[in-house]
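Pasting the structures in now, so scroll down.
Note that subunit A is present in both complexes that follow, paired respectively with subunit B and with subunit C.
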Partner chain A sequence: MLISTLGTICVLVLFLLSVATVALGVVGAARRSERLIEGSVQGIHGILGVAVLASMLLEYAFLSGDTSIQYVHHNSHPAMPVVYKITAFWGSLDGSLLFWVLLLSLFASLAVRANRQRHRVLIPHAVAILATIIGFFAALLVFMNNPFEPWLLPDMAPTQPKGLNPLLQNPYMVCHPPSLYLGMVSLAVPYAFGMAALITGHVDEAWQRSVRRWTLFAWLFLAIGLVLGGLWAYEELGWGGYWAWDPVENAGLLPWLTCTAFLHSIMVQERRGMLKVWNLVLVIISFFLTIFGTFLTRSGVVQSVHAFGEDPALAWTFGGFMAVILVGSFGLLFWRRRLLRSRHELESVLSREFAFLLNNWMFLICALFVAGATMYPTITQWSGLLAEKYDWYREVMFALGIYDESAWATALLEGKAMPWSRVTIGPAFFNHYMTPLGLGLLLLTGIGPLVAWRKTSTASLREQFIAPLGAGVVALLIAAFGIPLVRMDGEFEVLSGWGLTAFGLCGFTFWTLVQEFYRGVAVRRKNRPQSVLDALIGLVVRARRRYGGYIVHLGIVLMFFGWAGNAYKLERKLGIYPGEIVALGDYQIEYVGARATQDWQKDMITVELSVSRDGAKSGDLEPAKWWYYQLPDQPTTEVSRLMRPGGDVYASIADVDMSTGWTRLNLYYNPLVNWVWVGFATLLAGGIVCIGSKREEAEGGG
Partner chain B sequence: MVEATQSPVVANARPRALIAIAIGSVALGLFLVVVLRARLDIATVALVLVGLSLVGCLRGLHRVVGALAKGALDTVVETESEYGGVSERELREERRRLLRAINELRFDHEMGKLSQVDYDSVRAGYELRALEVMRALDAGETLHPELAARLAQAAAAEAAAPVPSDLLPADAATSVPEAASASRACASCDGGNDPDAKFCKHCGKELAA
Partner chain C sequence: MALTAGTRVGLGVVVAAAIGYLVLSDTGEGVLEYMYVDQLMADVSKHEGRTLKVHGLVEAGSIQRKRGTTGDLKFVVEYNGQRLPVHYTNIPPDTFQEEGEVVLTGKLVDGVFESDEMSAKCPSKYEEEVGKATLVGADPKKGG
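What follows is the complex of A and B.
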């Protein structure tokens, strides 16, 4: 049997099985029939089996080069290294949907297995919800995007396969999408258990205990995916930065923000029995945002100039699914609102509950802002299309003053483009608003651990805050006076308000963490005499959640330290001839020469630059441009950078004239940028400490 | 993230089947490569994996049908024996969690983050819950008698099968004597305690050594 036929059958079985599982779960829960419930549980495990088989079939098709399948033909090339053949599985739309189904069914199966006995009442409902989500994606595979779609006629089998875009043949790109998928997909588990808790009315902390680690897991993988994506952009795209608020990047950031909020607010419910509704709202929103993110990246809505995206049918289907999620979830929440009353009230503004609440609000505002700004261009475009099509809509917009009637009249007369085109929003807009929000969050990162639950007395407040505040002021002063001393170039502005604030807050937050660790160690040593190192290790091991959380905070501080350096970034774009020397901050960069080489895959032009500082040579840079034979009209930019703790000297080339050697160079000095990666590694370590082992779970830190 | 929730028998049977499959496929591969001089390229490996996943998939489907074909009581017995023992393990987990939470709270208090009043009230709540859990742990079997009998039958059938006893986790082995010999009486309240207990779980007094 042909692989395509077998695969299509698999996908069909997958869909039917998930429908059957939903039915079994729902009927089993309604009739309280153990037999049907067990059937639905086995159904979830069976779905995993079918999904694994379908994925293996697609992998086999890739590895054996079965180009009779359209998807394989579009994304594979015989000369591609094996690892890229394997990852080509999720390289494009259809396969990534199958990958999504695979991960989702894996997580569903694991989560159901782990909680089968612990939360018996929740299980059939959680199974039904998970199977519904799987069923939705399976339906997409069956009816719209079958990755096993063969060519219509056997001899239409193409001559030359296209292969994966060379830009994506990069180690970061091997890890980046799967880790984002892992993060996004695993958020379905908390959602399913949250909804099951709402349906059954068992809205105590039990459901949260079973999902806390899933959320942490999702959060960690989203972070890994985001940072790897940033690193990829930094090293491959050559524009000197790592984050440009691209809609697809934002799609990963949104659930990360709400996940972070949830991980904080869940502690308030654990400790104080408050924010029950809020936690459910966050779980719903996080899950919704993962679907929304998939919608953004898959349907082409955000980049496309077409009416409803490159794939209008897919966009509409996703739109419908998202509407069902929102209406269904919030409907349930409304139905169960009486059960979700808080046990306690907020007692004081100077309490950790309030700090957490504030933190949650800020994360949610960030998420809403990013979502709004990402969608705004699309909304303006849709609105413009509506205005062109429907007179009444245009009249309403004229009446509201959103569209200018006279501009429309002139455009109509002169036959020009309509005055309601797509509005584009650049990174500067995002940065303008996200910088203060981010710094506010950094401030809260510092304040949170210092205030006590319920109420903080003034005396304790003074005792807790004096040292960190001092550290913050010292950091601010060092930055204010130190940076101009270090960087004695007259041509650029060396003081930046936001940069200084960021340094100050980094100092403040860093010191709160030091203080927390110091006091913890002191208490441990008082209770039982031991060495400082022992006490420190004991501290982290005994209270994983709390001190793991602090390590994550430390990572965040380091990342902000790196971002603060961004305020002092230098950027020069210039055309130079060989032998010329240009200055970039304190560095002198000499253009030594250019050379053209080639290998079996590509033509390369490499520019040699020699970097020195104060007369001493620091190193060489060799930015290049590569033309793959496979895609000759899309040259790739190969960045070269000199990594230093103080910052990167970063060079890429835009244009080279090989006859004269004239080169258009992009030079950047990115101060402190490597601290972002160091901070991320710290964050990762903290996250792993938090997840810990099963034994250490939930000792109620905070 | 996989948490061990199977009973001893299943937990042992599954890895063994997996190990057998793994060893079998490696042996088959060696046989093909060494004896038959087959060229083992990546596509062939993928094909083998496809075959294995086909087996897994069919097994999963079979289990779905099997679960539906069974009688209700059989299902209960089976899920109980497959996932059973979890509730007790859960309770122990909960006990450990609560004790840690109390520790943590004391730590917070010592670091000067909680006032005495808050500390006392929160701690009292935790202690009450810990007491509840310990009582539940003490109560032991809560199964329906018929279910218990069936489980015992199933266990006897399993015992007849050659399962080496040293493979059974310590958990299953110790749980029975613990429930049976909970007989260390407290001097002040006459409550029964675990043999290795240092404090009475009913009144909190220290037990005589």
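What follows is the complex of A and C.
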């Protein structure tokens, strides 16, 4: 009871303090009062203090198992390992909002501290904007979703703990949501500084310098969150894939796409003084998408298996906040448009500016496409509900021929459900459009570093492109003729145009990177004799931003290499008896037998499979079903896979009949899938190299 | 921008051609109609044989699957008092359970929904019973 009261007070103080901080910042800036501005800065630090206190109280409630708090009761279990009790903090809606506030106040405090001297004019405005965002979330905590809410009457507090879902007890699930939160929340900082720049009219490059690292940080953590989510799905869910274009996945992908665009386009502004408006647009959109993503996942607007549940009040609140962000931000941008003229114009399509511009358009198109396709089902649903409720809307829809008037009349007469339906957009639709867009981006990844700023001469073009183009053609040929074509009882023959294109582009882009590193190393060795390794390290350390970027690109190429393998994916679902042998591509899989075992928390049925290739044994697979005693009706699927550089043999089981040993297996062969993870690790390393770079660095690499 | 008109037209044509190709080569495979059980049952003949997604609640006691037994999964999904028998032939998601919310992809064949794809509400929703009160047909006492 005590914790609940203290926590509620904290949340309330948090809200009031944010309001006060906004007021101090706004008034202080208007009156140019150092004292008030200093007060607002202290206010931000104070908010952090209270947010930390509130979070510690909630953690304490979880660790001490204080079930007098509803949120704790719903989200924890006495038998839970400590680490899951800690992460239960953000496991559900109310706590995740508090976690959001905690992170945002931490970032706000750090960003204000770091920029207090350098960008003094921006500070009061940035503080006011950050405090407004914190205030919004604090208001949600106070008025709608207080995680410290006790039971209405003390004797309503339940004594029985709730069931605990073993699916979420997984190391990936410990790291995946907080990574995404870190990424999303930190995008508020670039937004606040961008808006502060617009308000004050200091729209030179200063605001960007203060936010480049934040954006990079956000970008990295979004990527980590997305990939961990994919790994979790791949290793736990048993459907053989890692990405399904689920709305919640998309919500994390959207800001990542616009962030990537921004990280490229700021280089154009730094070097050429172009794209000033565009950069601000990207910052606004990226931040908007983080709120939009939260809205998607938290309000139940979009039907998703991951969503937190339907909550119309929350949906409207978020809708209002998003409208304010859009109108306010773009209004400011329009007001300041005269200050944002470009210093230079685009001179040639064979220039790096143009490559960056194309890259930005494509990222934005990707983001718009994904956002549109994610929202489309919801739009069709709203439309149907509106038509049921409002005559005028229905009439308009009849007139447009979107709904059939006679069908509606019949349904009404017969008292049946109205004949509208929602439309869902599945992975096939996303893949159809996103595959070529992604490959286009891969091509640009290769072209970017090869073309010069302003204008590329034909001679340099030839010199730059010949080797990479050759590598691309070789990769294409190897892919077309060298991949041992998949055989499966003559049933399968996989040849994919997009797959081949992807391999060709991987070869091309990979070689452009090799060429860049090779030339850099050669120059260094010519200037001062040293080993190749020394020269390579020296190169990266001296121009971290440029070569860090190239390492990221290398990671991207490797990930595309892994995705290209998807085009050759094999899938078999079948029921077999022990002793039978199944072919999966080049592999032969023998079903040895099934065994039933137990341990202290679950019953297990494990299927033993022996995998061989061309007569030589490759290894064993042991997919299983587990029945936790706490949740006997919800068996968990335990995936088993054989990891190889060439691909995974992946097995999961649907059903086992212990009396006869008959089992229904799902078998997948996922070529090259592990290169996705290798590529991601490379990307991570490159990102870390970039983040460590000094912002003054003159290098404007690709 | 100081690009020539020719360059711009060229770029426009390339982009338009690319978009045109993509749209024309779209098989529509990824786009499915989605409805609740009662909407499907309102006009069975219209939906018979077409691939679609159906949303409903797994009826209590209807799942014919016992541990260690052979056979495909059979159960009934219901919504707003309408019931639909389902024949499911794939690994059910780990969160599949009686009275749980599911979305099935498949075809209605002779009054049975033949499905091999299902998603069930994700376990991050411990709070299900709070939101469920708004969902018709859900038993508010039992959560995810």
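In the analysis below, the second predicted complex is superposed on the first by the 665 of 702 C-alpha atoms of A that agree within 3 Å, B and C clash if a C-alpha of one lies under 4 Å from a C-alpha of the other, contacts with A are read in each partner's own complex, and residues count from 1 in each chain.
Criterion: a contact is a pair of C-beta atoms (placed from the backbone, for glycine too) under 8 Å apart; a residue touches a chain by one contact, two chains touch by 3 or more.
Note that this is a predicted model, so its numbers are computed, not measured.
Superposition of the two structures on subunit A shows subunit C fitting alongside subunit B with no clash. By the touch criterion stated above, A:Asp655 is placed in contact with subunit C alone, subunit B being left untouched. When both complexes are overlaid on chain A, the residue A:Ser457 reaches subunit B alone and has no touch with subunit C. Within the superposed three-chain model, A:Asn75 lies in touch with subunit C and out of touch with subunit B [touch as defined at top]. In the superposition on chain A, A:Ser64 makes contact with subunit B only, not with subunit C. In the superposed pair of complexes, A:Leu346 makes contact with subunit C only, with no contact to subunit B.
Look at A:Tyr433: by the touch rule set out above, it reaches subunit C but stays clear of subunit B.
Of the two partner chains placed by superposition, A:Gly95 touches none, neither subunit B nor subunit C. Centres of mass aside, this uses C-alpha centres: at subunit A, the angle toward subunit B and subunit C in the superposed model is 160 degrees, to the nearest 10.
Closest C-alpha contact of subunit B with subunit C, superposed model: 18 Å.
Those residues of subunit A that touch subunit B in the complex are listed here as 10, 13, 17, 20, 24, 33-36, 38-39, 41-43, 45-50, 52-53, 56-57, 59-60, 63-65, 82, 110, 113-114, 116-118, 213-214, 217, 452-455, 457, 460, 463, 519-520, 523, 526-527, 542-543, 546, 694-695, 697-701.
For subunit C in complex with subunit A, the touching residues are 1-3, 7, 11, 18, 22, 25-27, 29-36, 38-39, 41-43, 46, 52-53, 55, 65, 67-71, 80, 90-98, 103, 116, 119-128, 130-132, 134-135, 143-144. On the side of subunit A, the complex with subunit C involves touching residues 74-75, 91-93, 162, 165, 167-168, 237-239, 300, 303-311, 345-349, 377, 411, 416-419, 421-433, 436, 573, 596, 603, 605, 627, 633-637, 652-660, 662, 664, 666. On the side of subunit B, the complex with subunit A involves touching residues 1-3, 5, 42-43, 46-47, 49-50, 53-54, 56-61, 63-64, 66-68, 70-72, 75-76, 78-79, 83-84, 86-87, 90, 93, 96-97, 100-101, 103-105, 107-108, 110-115, 118.
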